[in-house]
Amino acid sequence: MSAADLTIGYRTGRRVTRVHEHLSFRLYPGELTCLLGANGMGKSTLLRTLAASQPALSGELLLEGRPLSHYSEKERSRRIGMVLTDKTQAGGLTVYELVALGRQPHTGFFGRLHRQDHVRIAEALEAVGIAHKAQSYTAELSDGERQKVMIAKAVVQECPLILLDEPTAFLDVVSRIEIMDLLHKLAVEQNKAILLSTHNVEQALVLADKLWLLSQERGLQCGVTEDLILNHRMDSLFGRPDIQFDYAHGVYYPIVHGCRQIVVESEDDTLLHWTVNALNRRHYACVQSIPDNTSLPSLRASAPDRLLLNQSGKTTLCSSFEELLSLLVN
Amino acid sequence: MKYRIWGGIVLLLVLLFAANLFLGSARIPFRAVLGILVGEEGEKTAWTYIVWQTRFPQAVTALFSGASLAVAGLMLQTVFANPLAGPSILGIDSGASLGVALVMLLCGGTVGAVTVGLTFSGYVAVVVGAFAGAALILGLIIFFSTLIRSNVMLLIIGMMMGYIASSAISLLNFFATAEGVFSYTMWGMGDFSGVSAGQLPFFCGILSVGLLLALLLMKPLNALLLGERYAGNLGINVRRVRVVLLISTGLLTAVTTAFCGPIAFIGLAVPHIARLLLGTSNHNFLLPVTMLCGAVIALLCNLISVLPGSAGVIPLNAITPVLGAPVIIYVIVNQRKIQYFH
Amino acid sequence: MIKLHIRFILNLFICVLLLASCRQKESAVSSKPEEKSFPVGYATGFSVHRAAGYMVVEVRDPWDTTKMLQRYVLVPAEKELPSELPQGVLVRTPLKRVVAATSVHCGWLDMLGVREELVGVCESRYIDVPFVKQGLEVGQMIDIGEAAAPDVERLIELAPDGMITSPLSNAPYGRVEKTGIPQVKCVDYMEPTPLGRAEWIRFLALFFDREALADSLFAETVKAYEEVKALVREVKECPTVVMEMKYGGMWYVSGGQSYMGCLLRDAGAAYCWADDAHAGSFPLSFEAVFEKGGEADFWLIKYNRAEELGYDGLRKEYAPYANFEAWKKRHIFTCNTGVVSYYEEVPIRPDYLLKDFVKIFHPHLLPDYRLRYYRKMKEE
């Protein structure tokens, strides 16, 4: 899928709200692309426009070279699959039946399933790892399992493009990782183009082949994950002065306005990171050693159980962070 | 397992249909009815007449009406994603009644005597009037459903429209004679005896069209279980499905209301009975089973209404709530345990 | 003159004899020796006790015959109030300003010559009585609304000293009761016999000091009725009769012990439900009616519609109607109550209806009589 100079938004009556303008991007098969951005930035609007649920306001949107609007519903249903967070009435369907609904674009008038369909459904259930629950009602599944079912449904539709709107919302960590992993596997193994929006930044940075960053000031920035990170694009994503991106660790963290300062030394990078983390939490800004300023307290971390604190002239050796933090002057 | 259920329902249907032929207010011996059915001349010509000209049309009417209302209710419940939707709750049969009342007023005659002085084109006029009324209300409900997210609110709007239609009918009754009012009240009690043998082909024909349209909607209805966006993604033209659904539901409700009066609860409760029985929301099974269950329930209600025999007749709308309301209450109370509510 | 008197007494005597054989006597005699009894021969719904200076009229509750619906204590206006009065609604007679809730009672007032006293009516559009129509036009009387829910304000404004009502079992005239205006409750329509119902004119007359007139009117009615009834005594063949039509899923059939059942019996017909015990009407399915009445000789239908009903119209309404013998042999008689004064006249002159019935069932007995309410049903 590709777009040039696309404007997305929506019309309510006479009013036209332009959410984003002059967007250009490309989606390639075999890649997992993650769409990141703050809430309300228009991620859902973008996804809906790509899925043809919502018309674009202007510009060009092409799917496999043809404009999206030229596709009939049937053709679209075989090209684009969706996984949303919508509530459904499908609790009374079994997992098998729900996934079978994904075959509708390929079945005849009454939706009768043939052998080929059953084969595909079985494959999809295996691929997402929910085959053991095939005969259970979807109402009985956990959230993670239900997401897998919806993904299986999208897989069974045999579409080259799959769009997912926050598939890992409401899931616990294990499920989140499982889903992201699964999606990446699908993208690579089945040569699909998969685009998903998510707030799960850590996983996205690990597993996404491409990132789309959607923000108010910069609009849409697309690129390979590492390119974007190392070009410092992550900072401006949220446009908030008090949130910073930790380039070393790939996470966002709040900027500390330290009211105090402390000198921290350590040879071990990991230990240094976590020591600074603890001190920042106590609103201590950490600086590297400055020889001429000896009024500041200092901390030398050799090991997690050997923390040498020098404060107001007193030196204490702490054997745990708990001890250390209890000694710090607030 | 599913086939056992099918078999059971079909058997029940056949039994109840037969029961409606053998049992009635007039006591006709079993043998006599049997003889009449195979074509012998009964001992009393009155009996032959009763069996073929009143009991048989009444049973067929009940069968088709029950199936139609149940299917209409099922479609409404799926499209509006609301387990408490139904033709009477959403005010659709009040709309049909209003249509009938207007046609009757314009053609003279009293409301309730659907065929007073009517020729074939007269029946058509009444049905068209009923359909227009039903379609109008249904269209308004669909319009409101785009504005309102909440299911409960939509139900309430449906009820409000039903009240408006009913009050319009009351106004029309104001200009009617005492007999007209009485006639309308009796019509409002619902009865399956209004279709005589000659009108049966017309009645069943139109309802069959509606039922056929419903069967054609099985696949889209399944897709709609996932919601409109998913359904659209699966290749369903939601707008077109809505129109076909409107025509089908409107037709089914309008014709049954025009000939039998407004019958409550069948459209609301039977889909739930079918779902509980089958244990699935899959319309490929649910729709045909709902049809059969609707027919069964209607035949049962018809039988109960003639139970007092020579002591009298119980009006239909006094019986259907007794069967239907407990089902709804059961479903609401056991919401948590029932799968299809999630 | 004397002949009239003798006839009158003779008729009263006949009444007394007859009532010994069919109806319960309802003339209670009090223990006080001065009281005169007021024999109520046919009606079972009211009873009258006379005492010195006043009269007690009791109306029985027709829906629970062990209870009393209302007791009236009638004291003439020009006399003083006696010191001890029994409990009940006190009414100073004759009433000077009344409101009538139904058109039937307007008709009775007309017969009793009570015209100027009528100041208000309900549902005037249904009332066909000439003096009422005139009165409404000149503004001498006003319409106070629906009988079931009259406009209480207008009622109070009128300041009547009595209102004639026809109470229904579960619709007490609550708001009207609260106004304190005495309600003359006529439950005549609950009487199971024709003469019983007609006798209620004597009840009404008590409130207007028109006893004598009412008595003579009633006596006339009784006489006329008995005369017609006597005609059929010799008749050997009683034709079978079925009545009315179905509405929706129900066909309301009058019971064997009901008003209509009694009337049909007196007219020499064998009503198909003559041996049924109901004192009112009850619903049956078409089938049940067809089974019993499908072969009836005659079919009488009352309706109230703008266009006249014909054989063809009846069949179009419900095809199975055409299978009744009466339909096939063209023995159906209809009465369009919107066109003839059925409901206004029949309660007080059941003999008119009896004559119609006798003419229909045994035409040779009344060769010169023309049907008053019913007529042969026309073809289409």
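Which chain is which? They are A, B and C, in the order written, and residues in each are numbered from 1.
To be clear about the criterion, a contact is a pair of C-beta atoms (placed from the backbone, for glycine too) under 8 Å apart; a residue touches a chain by one contact, two chains touch by 3 or more.
Computed from a prediction, not measured in an experiment: that's the story for all the values here.
Ranking all chains by how far their C-alpha centres lie from the centre of chain A, first place goes to C. The chain closest to the protein's centre is B, with centres computed as averages of CA atoms.
Here the spacing of chain A and chain B, counted between their Cα centres, is 50 Å. Computed centre separation for the pair chain A/chain C is 87 angstrom, with centres defined by C-alpha atoms.
Chain C has its Cα centroid 43 Å from the Cα centroid of chain B.
Chain B contributes residues 78, 81, 216, 218-219, 222-223, 225-227, 229-230, 232-237, 275, 279-282, 284, 338-342 to its touches with chain A in the complex.
Those residues of chain C lying in contact with chain B across their complex are 126, 246-250, 282-288, 290-291, 294-295, 303-307, 313, 316-320, 323, 338. Of all residues in chain A, those touching chain B in their complex are 51, 53, 73-74, 76-78, 80-82, 84, 86-94, 97-98, 101-102, 104-105, 107, 109-111, 137-140, 157. Only residues 24-26, 46-47, 49-50, 53-55, 108-110, 112-113, 115-118, 177-179, 182-183, 186-194, 196-199, 261, 305-306, 309-313, 315-316 of chain B touch chain C when the two sit together in their complex.
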